[in-house]
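Letters are used for the chains, namely A, B, C and D, taken in the order the chains are written, and counting of residues starts over at 1 for each.
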Amino acid sequence: MIRAGIVGGTGYTGVELLRILALHSEVEVSVVTSRTDVGIKVDALYPSLRGYINIAFSLPEVEGLSECDVVFFATPNGTAMLMAEQLLSRGVKVIDLSADFRLKDEKVWSHWYGMEHACPELIAEAVYGLPELNREMIKQANLIACPGCYPTAVQLGFLPLLEKGVVDVNHLIADVKSGVSGAGRKAELSTLMSETGESFKAYAVGGHRHLPEIKQGLELVAGVSIGLTFVPHLTPMIRGIHATLYAQVQCNIDDVQALYEQRYASETFVDVLPQGSHPDTRNVRGSNNCQISLHQPQGGQTIVVLSVIDNLVKGAAGQAVQNMNLMFGLKEGSGLGTIALYP
Amino acid sequence: MIRAGIVGGTGYTGVELLRILALHSEVEVSVVTSRTDVGIKVDALYPSLRGYINIAFSLPEVEGLSECDVVFFATPNGTAMLMAEQLLSRGVKVIDLSADFRLKDEKVWSHWYGMEHACPELIAEAVYGLPELNREMIKQANLIACPGCYPTAVQLGFLPLLEKGVVDVNHLIADVKSGVSGAGRKAELSTLMSETGESFKAYAVGGHRHLPEIKQGLELVAGVSIGLTFVPHLTPMIRGIHATLYAQVQCNIDDVQALYEQRYASETFVDVLPQGSHPDTRNVRGSNNCQISLHQPQGGQTIVVLSVIDNLVKGAAGQAVQNMNLMFGLKEGSGLGTIALYP
Amino acid sequence: MIRAGIVGGTGYTGVELLRILALHSEVEVSVVTSRTDVGIKVDALYPSLRGYINIAFSLPEVEGLSECDVVFFATPNGTAMLMAEQLLSRGVKVIDLSADFRLKDEKVWSHWYGMEHACPELIAEAVYGLPELNREMIKQANLIACPGCYPTAVQLGFLPLLEKGVVDVNHLIADVKSGVSGAGRKAELSTLMSETGESFKAYAVGGHRHLPEIKQGLELVAGVSIGLTFVPHLTPMIRGIHATLYAQVQCNIDDVQALYEQRYASETFVDVLPQGSHPDTRNVRGSNNCQISLHQPQGGQTIVVLSVIDNLVKGAAGQAVQNMNLMFGLKEGSGLGTIALYP
Amino acid sequence: MIRAGIVGGTGYTGVELLRILALHSEVEVSVVTSRTDVGIKVDALYPSLRGYINIAFSLPEVEGLSECDVVFFATPNGTAMLMAEQLLSRGVKVIDLSADFRLKDEKVWSHWYGMEHACPELIAEAVYGLPELNREMIKQANLIACPGCYPTAVQLGFLPLLEKGVVDVNHLIADVKSGVSGAGRKAELSTLMSETGESFKAYAVGGHRHLPEIKQGLELVAGVSIGLTFVPHLTPMIRGIHATLYAQVQCNIDDVQALYEQRYASETFVDVLPQGSHPDTRNVRGSNNCQISLHQPQGGQTIVVLSVIDNLVKGAAGQAVQNMNLMFGLKEGSGLGTIALYP
């Protein structure tokens, strides 16, 4: 059994990790930390876990955590970078669901996250945990930077086009819609039900932290600098991300559908829907799947890619477990074989 | 492997059966019927099942179904009673999620369901599939009448009080709130999002079909005729039932909390919450659990029982699988070990 | 023109007052206060008011407020009692939407609100602002204690039965469901969309602050002490309260429907629906109406009253304006002639 | 008083017309038709209108309707074109909220709407009822084709850029999200709460009927043929449209913000928000306003326009009344001075 620790177990990605790991046949959750809830039983805070998780929250201390084989950071940005080194040096693998190790350029990171990086020497070592792109590196990694939720949906949607080099990379558009759980479990006015229910809005159009992450990922694939307009929106639902991606075809491409089907043929968690489909976020709710469909309206030059995930699963906890499975030589889908909750 | 058939696979209870059975390690779904979708692949209608269910809808015919070990009826009322006899005579066990065999009094059934019963001779044989009440009979049964969603939440909530005989059975009140999926997957004005979203109402206060079912169940337990006021409500969410039950204490009872904890101590799927709790439907969403809490406001004579289930799981498909497990000698919780989807 | 001030203009009842008063032909909103937003334009915080309200938030100071003819307190409990006396002494009428002056018994108030009352000498003078009960006193009043949202729906629902003395007052039950805006505009975990969306729960079953208020009101009408079980619930919508009320008939009553129709025949804002109806909260959303329907299931002894209001209008700001109209001799419905927003 | 008739009074645009006209000081609704509900009182079907509309549904017959001064068609496509001529010939003004007279090219209309046009001779006479574009023609018109909901939000968002000729018209993108009331009040599986709640999807990416309407409108303004990719989405709320529009700047433009502010300076119902804003559909819910904000992310060449309306008001009934006001020489905003319902 792999002993797993979760730092920051009281947020939505933390509790989602617990939901997945509690049923993972090869993992035992041995530590869950929370500064504010030390001593409280996990299932007292989350009655959905009654009967499945039988431990109490503890302080986030290296001592206790280093008895784990792997530690997940489901913390706000700025925490993992303070503890990762000590854990790694004691032989603990680290999977960070926050943004601390996602950006390779320390200065860009500081610019967007508004603080100095506490552990820049680990940035190069960290592997960006998008298995569909970096599977082999992940298998060897000790430190994983899990992609953000928006970046997962957008990159999986754009990858085949950019790898193939068939679209104009200077004018990519990602119009992306997220459920409110993406904002986390924080007492804030802006995500009250009275504020977000029955309403729809864009936010951070001027610049969102996931923009440099998406650009970094796509530029690595494209091999050139790209131009991307990324507009995130808040949609009145709890889980789910729907990315609507626009690209202009610039060289001959016969069959976009076939391109995607081939690219993802052996991927367990990326599902290219039949021609003419429109993916619906409910069909991946609670599952680790990304469903994608392709359109070329009126046979024109604009390719429209629709890409949906559950932001808390493929966009966070599920992908983290997928990474863990790879790191420990397990079947990649272990513990992730759940079916979306419809309706 | 148990070969299972599902008649009426296109409704919400049908697709929920598929979600559960697809991951059940000892069951293979071999037939799924739908008159209107014959030949269409199940996962074309329900993309959430892509990769898990790989068959097409077929006609609901005894021939094909009799190759199954068990057939679930997830049909509108009035269908199971037309096919059950033929299937039973061929050695197929039948689990009916509709109301056809729930009421023991044929005339009462006809009154509430507005049709004559096509197969009254099977009524006596049918076992009411509430495992917490009828476990031993279920193990021997060939024909199960699965309880309705409201009756499940209400009976589990009232059982300990009525078994113990400590409340006034003439003035029981069940104020129950349901998500809209309880109305089924039917093209109807009244369950449009524009009609049910952001709104709340009672309905059928004059008399709902689940009233005689609840009374029958509670009277068997109480051993006397009871007086029950049952008011169902529609709440703007998809899944979940919340029963708020009121009873007047009439003889001495020291500790209602202990009474419930003892009654359900060995029940896997009934969870009595700690004193002072308020169960939340989200904490059972997608799971087969019933969570219950007890209150006696201001130390008065009124006991308030709060009882929540997921109407499609413990209130329908999950409970049906729980019955199947018992009938086939499997572990009662096989295939039902999922954790509620929170948030 | 009546000059109106609003203290606490940044909560939901405050902004609802602004929505109503901005279009009231005989009122000019001259002061809106907010400690935290001084100097900020009201419509910068509430873009829905652009073009209708053209002033900025100011500090809540007696000086400025005493130039108003009437001041509304849309503040948390404990604020109005600190300022009311000074304003009244300067001839300003005060309409308090908080709970400060609702309970006539100072000790009971302190018990439920957890603080000492700062101005007990005004409690007797304050008129409880339920126009359907206290219209004539309201016309003469200088200080109004507006009823809470739950108390409004419950009292209007029970009034005719208790005035007539036809039910058992020892076993009244009020099972009430509220939208989340009732919790106010506060940064709290418990009212996040991720916490309250797609879920339903009861809360404060052990005792809610509105219980003594409802009891006080009903006992005045009944003329005797009553027994009331009050269970509030949170329903996943923004606006609306649905009260389901249960009472046992104890003396002869021919026609409950006629009793209610006669009682409310001349009330503009209480609408008794035709026999057999089920009121829907959406049909009063944004309006000052209370819609009521009556049921006596199976012709039994239990009367079920269904009573719906918009918690922010008839349950708060609308009723406050209705009181203001009465106090200033205007038409009772001035500024309140809006139609509910359906769908 | 203007006597108004509404043909098709049982859909969402019909009942919204009733909500607005019932409070319009210069209009009396004298006829409301519905084939399926003849003789039923309007407020029996729509209890929100109790006390405001006191007539019954009648058959849609020219005879009765010709006693009106103006007739609104809130019917499915294909109905207005059968009756408009007869009404016009009797001196009745006609305002069509359906699509029958929106497209100037009869063949294009037949292609997208799947039927032959029954009254092509009136197409030229019909004025496209977007007051911000065609105000003077509307004042003279007898037959108005009210814009669709998507076209209203998209055209108001793009107009200033296209009139000024500053963007590349070959690569316009309109990513638009609508609440489900846009699908109308029809018994359909796809708009059940269980299907649309808590989920998000695109639809009709291959081609939506509003595409030719938007193109026609924008091309008239631009003076050239345009290339537009239009992707509609269904968002889990009832009311509201949010258009996210993308255009590439191609010639010098100093100040997009000023361009929009000047263009709409004298428009009552188009409100350009301050720089940096993000409009929220809730802030126009129930009102006739369009709120717009402008962004140019990272100072690049892509202009992002955010434009929100209430699809049933500015996108349908409200705009229809705005047209009526112009046609009858009333104040353009008569009866439309309502404030959005927040929260």
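Methods note: contacts are C-beta pairs under 8 Å (C-beta built on N, C-alpha and C of every residue); 3 or more make two chains touch, one makes a residue touch a chain.
Quantities reported herein were computed from a predicted structural model and do not represent experimental measurements.
With every chain reduced to the mean of its CA atoms, the largest distance from chain D is reached by B. Rounded to whole angstrom units, the spacing between the C-alpha centres of chain C and chain D is 36.
Rounded to whole angstrom, the centroid-to-centroid distance between chain B and chain C, based on C-alpha atoms, equals 39 Å.
Distance between chain centres (mean CA atoms), chain B to chain D: 45 Å.
Residue positions 12, 181, 185, 194-195, 197-198, 236-239, 279-280, 282, 285, 343 of chain A each touch two or more of the other chains. If each chain is drawn as a node and touching chains are joined, the picture has every node linked to every other. Of all residues in chain C, those touching chain D in their complex are 12, 15, 19, 22-23, 44, 46-52, 181, 185, 197-198, 238-239, 271, 273-274, 277, 279-280, 282-287, 291, 337-343.
Within the complex formed with chain D, the chain B residues making contact are 12, 180-181, 185-189, 191-198, 236-238.
Against chain A, the residues of chain D that register as touching in their complex are 171, 173, 175, 177, 179, 194-195, 197-203, 205-207, 227, 229-231, 233, 235-240, 242, 244, 246, 248, 276, 278-282, 285, 295, 297-298, 300, 302, 304, 306, 308, 343.
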